[in-house]
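These are the structures, in structure tokens.
Consider the two complexes below, in which chain A is the common component and chain B and chain C are the respective partners.
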Partner chain A sequence: MIRSEVIVVGAGPAGMNAALHAANSECEVLLIDNGNRLGGQYWRHMPKERDSLNYSLHYDFAKAVKLRDAVLNHDKITVKSQAQIWSATANDKGVVLHALAPRNLGDLPTEIVFETQHLILATGAYDRALPFPGWNIPGVMTPGAAQSLLKGHGVVAGKKMVIAGTGPFLLPVASSLVEQGVEVVGLFEAHSPKRWVRHLSVLLSNLGKLFEGFHYAWILNRHAVRMKFGYAVVEAHASDAGILTAVTVARIRPDFTILVGSEKRIECDAAAIGWGFTPDTSLAGALGLPQKVDVDGAVVVSVDERQVALANSEMSVHAAGEVTGVGGSVLSLHEGALAGLSCALLRGKITEKQYRDSTKNIYAARLHAEKFARVLKDVYVVPDGWRNWVTPSTLICRCEEVSCGQVDAAVDELGARNSRDVKLFSRVGMGMCQGRVCGRNIAGYLGTDDADRIRNARRPIIAPITLGELAQDPLL
Partner chain B sequence: MSEKVITCTLNGVILTAISGQSIAAAMISSGERINRTTRIDGSFRGIFCGIGACFDCLVVVDGVSNQRACITEVRNGMTIQTQRGAGP
Partner chain C sequence: MKRTADAVIVGAGIVGVTTALALTNAGFKVVIVDRGSVANGTTGSGEGNILVSDKEPGAELELAMRSRDGWFELALDVGDLDESGGFELEAKGGVVVSRSEDGLLHLLKLAQEQSKVGIDTRALSPSELLELEPNISKEIPGGVWYPQDAQCQPMLAAAKIMRVFRSRGGEFHRDTAVRKIRTQAIEGDLSVTGVETDQGDISTPLVVNATGTWAGDIAKMARSSLPIAPRRGFILVSVPAPHLIFHKVYDADYVANVASGAAELQSSAVVEGTRSGTILIGASRERVGFNSDLNVAILRQLAAQAIELFPILATVQLLRAYSGFRPFAPDHLPVIGEDATVKGLWHNVGHEGAGIGLSPASAQLIVEMITGQKTFMNPSAFSPGRFGNHE
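Presenting the complex of A and B:
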């Protein structure tokens, strides 16, 4: 059992900044992450010897290096990478986390148990994928997958690629791929840029973001890649060997229904398609933290203005970053800083006055970043019109291979009324990903309420564990 | 510092990768897109989320099935097999 004054889970922008702020206020911090290197998904990078590529693949890698090195060199911070937490429990006295360290050539992974009175959750988010016929064909992936292959491993996902979906994330993905020699044969944003018109003042008060957008546009323009607006990939096609050969794109209306007759086929060997992000609330659910449904329909951890999700006189759980609502790296950094300082305050390492003095500017900056995040959620909203892209044979649950037709049958013939009923009748969401990919889509497909979405996002076991691994648990 | 080359096998065939790369990245760069066939209809699956969330890229590593290729690092001498259904 490893005890630490403060434990931070997740080493992305929010988690690293939380660890740094708590440690700078003299807290002993343990930073746990399941990746190989600090940075999370946003600042995923390759080992130091490939730093020249790291710098060219990131817009703001210098910022990442500065924060990473500050964390790594801090004598109050211990980093535990490659630890996959599979179980977490909270009680009145604190939090216990069970993690598995990686398997070594056939050996069982080693289990490590961590304990703390003050936990900061910064578990981030993953891409949201929407179902369409052929989305299970090898070669179809999320933009995050294409990014992680490139930024984390220096590998391009294909030679001829289509990038599609919605949101600003499509721009860095497409730009970094063209710069690495990929032929981007199509870049399709589902929404019209006109949606920005009523938010121009917010856009102009975020010139840094605007400049970053121009930076990507300049790269894409240099490679003669033109973004087309109001289109979506609505079907993927496989070769006889079962791998991707083409996608069909179609014009879609603002509600995401297809304009029939607008379909056209584009040959490609990989397609990266994403619809924003889904916060990873697995740990939050296991710990019983309060959760709510955000304006974008995502289940998020509910926190107060100090990023506290749960607290009593003995313990606290804070949450920061995408897990409290998708908002990007800048917002995550501010939230992380506030969570770290709040922990220091609760530990008595700083006074209430010191907390107020050091957080005043961060509160203002967080508010500013939150405004921008709300605008992004409005501009790049994902309406339920995608439900008319699917056919009865289209899979909605990839793990258990459950089709939309089977979900329809669970509703129409067996009387299912919510996500749980459909799960019990059709096995939807019962596979290894535990509904991480399909859960939000099932709720959207059924049109269920917030309570159903929150209930359906719960997964008490955070990562699969074998009975052999479980038998080694020191607490059993 | 130079990049270290790793040698392992994929379905019995030599696969080379750069130290630190994931199995999924090594497979993609060798041109292999199929990681497994599914349990129910036997269809092909490859890398999908790329960050360990979706469990679609499962492969058999050193005889142990259901390993996520996207978050498992290649090691020298590792034997990797594409997974058929639930296991090896």
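Presenting the complex of A and C:
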């Protein structure tokens, strides 16, 4: 058993900044993350020998390096990388985390138990896929997967690629792929840029974001790639060997229904399609933290002003970053800072006055970033119209190969009404991903209420562990 | 909602739906109510084993033998000629093993007694065992083969039975919680006159309590009592790993655990492969109320015990784990019959870890009693009156 005054889970922008702020206020911090190196999803680094490439892949990598080095060099922070938390429990005295990790670098992973009275949860988000005919063909992936192939392994997903979906994240992905020599044969944003018109003032007060956008647009322009608006990939086609050969794109309305007759086929050998992000609430659910459904339909941890999700006189759980609502790296950084300082306050390391003095600017900055995040959620919403891209034979759950038609049958013939019924009757969401990919889509397909979405996002085993690893006595 | 019915069944678990279908087939106008949906209670966490192997000769084994055949009849009735009933019913057979020579002697003796009352049993040498289960540990001295043991997917079974029940005129109200059982003194006897739910009232002379682990609450609503308590069990589910385990295989210690009344944790390995390829690992038993917190120590013990039977499982990944609450009666026997003090209130509850397997025969028995027919077995061992008054 390893105890620490404060434990932070997740070494993305939120977790790193939380660790740094708590440690700067004299808390002993243990930072746990499942990656090989610090950074989280967006700043996920390549192996050291490719550090130079990181700069070309990230708009603001210098910022990431600065934060990473501050964390690594801090004598109050211990970093535990490659540690996957697979189970966790909370009671009124504290939190117990069961992780699978090498005891020393290079060892095989074994179980290690961590305990703390003050946890900061910063488990981030992963990108969202929507089902459509052919989405399960090898070669169709999310932009995040394409990017992590590139960042993590230096591999490009295809020679001729289509990039589609919605959200500002499509731009950096497309830019980094063209820079690596990929021919981007189509870049499609589902929404019209006119949706920004209502939010011009917010856009103008976020010039940094605008410049970041221009930066990517400039790279794309240099490679003669132009974004088309109001289109979505609605079908993918495979060769007899089952390999991706082409996709069909179509014009879609703001509610995501297809304009019939607008379809056209584009040859490609890979397609990266993403529909925003889904917060990773697995650990939060296992701990029984309060959750809610955000305006974008995602289940998130619900926190107060100070990023507190749960607290009593003896223990606390804070949450920061995407797990409390998708908002980008800047918002994540501010939330992390607030969580770290609030933890220090609860530990008595700083006074209420010091807390207020040091957080005043951060509160203002968080509010500013939140406003921008809300606008993004409005501009890049994902309405339920995708439900008419699917056919009865389209798989909705790839792991268990359950089709939309089978879900319909569970509803029409067996009387299923909610996610749990459908799962029990059709095996939807019971496979390898445990609903991480399909759970949100199934709730959307069924049109269920918030309580159902929150219940359905609960999975007590956070990550797979072999029975042999589980059977061994943990490190005590 | 219908305002009157010949019978109201409370609870749409496997026991409720099988009882409802049997009563409908006997000509009753039946309404089922459940505070959730079908298979919303313990049935939704059951493994679906239909076992004769784990019971000593006696009333429960008699019920189990009838029920095993009852499942195959039910499959034909609801399954549109599909022998699996559309709910994965399969006579896959059970393999019971012992890890010690001593235990094996005990097991062989039990099998001998079981075969006297008509159970098909066959002693297995280590090499025969390996033929049935190639991945089983070579350390195991032997076991017994029970070809009659079967399996189904209980949630699908409940849903399909419900569908046929409705197609025959039955009515189902989901999200409808029973709040009170109405009674009236008629000729000195307290008799049922209806149920009150949060969605309205239904007049009926006959209420069947099929609320499993929550049966005591319903009894109390009629000012009667039943000593049913939750006995928690955890199940581990692996990633799909087909062709590793072919039957239901369990350690003979399981029989002793099932029969124990102790509150503290007991566990023994119960391992089986399912049609979907996943491997299910049980079984723990403990009485900790309705606490569903994941307990890693129990998961660890279950994993270790399963690996002792099948070393190859050490490399298989655990995908999920869940717990459920078996409806436990102090003597481990189900409660089937009319309430000792309230006329018209019938109980079909308390099937503990065997409610899936025992449901068709329990339904048959209670309907035979309700309609005054000759019962296929003597039901006195299951009588609700056997506990006395627990108020």
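FYI, the second predicted complex is superposed on the first by the 465 of 476 C-alpha atoms of A that agree within 3 Å, B and C clash if a C-alpha of one lies under 4 Å from a C-alpha of the other, contacts with A are read in each partner's own complex, and residues count from 1 in each chain.
The criterion applied here is as follows: a contact is a pair of C-beta atoms (placed from the backbone, for glycine too) under 8 Å apart; a residue touches a chain by one contact, two chains touch by 3 or more.
Note that the structure is a prediction, hence the values are computed from the model and not measured.
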Touched partner set for A:M432, first chain B, second chain C, both or neither: both
Which of chain B and chain C A:V140 touches, first, second, both or neither: first
Which superposed partner A:L414 touches (first chain B, second chain C, both, neither): second
A:N441 touches, of chain B and chain C: first, second, both or neither? neither
Residue contacts on chain A - larger count, chain B or chain C: B
Touching partner for A:P464 - first (chain B), second (chain C), both, neither: both
First, second, both or neither for A:L149, with chain B first and chain C second: first
Contacts of A:L424 with chain B and chain C, given as first, second, both or neither: second
First, second, both or neither for A:T89, with chain B first and chain C second: second
Partner chain in contact with A:T166 - chain B first, chain C second, else both or neither: neither
Overlap of the chain B and chain C footprints on chain A, listed as residue numbers: 400, 431-432, 464
Chain B contact footprint on chain A (complex, rising order): 34-36, 41, 46-50, 102-103, 105-106, 126-127, 129, 136-142, 144-149, 152-155, 157, 238, 242-244, 280, 398-401, 431-433, 436-437, 464
Contact footprint of chain C on chain A as seen in their complex: 87, 89, 98, 286, 400, 413-418, 420-421, 424-425, 427, 430-432, 434, 459-461, 464-468, 470-471, 473
Touching residues (chain side chain B, partner chain A) in the complex: 1-3, 18-22, 24-26, 28-29, 33-35, 38-41, 43-56, 58, 61-64, 66-67, 70-73, 75, 77-78
Complex contact set, residues of chain C against chain A: 37-39, 44, 155-156, 159-160, 162-163, 172, 174, 236, 238-240, 276, 278, 281, 293-294, 296, 299-300, 303-304, 306-307, 313-322
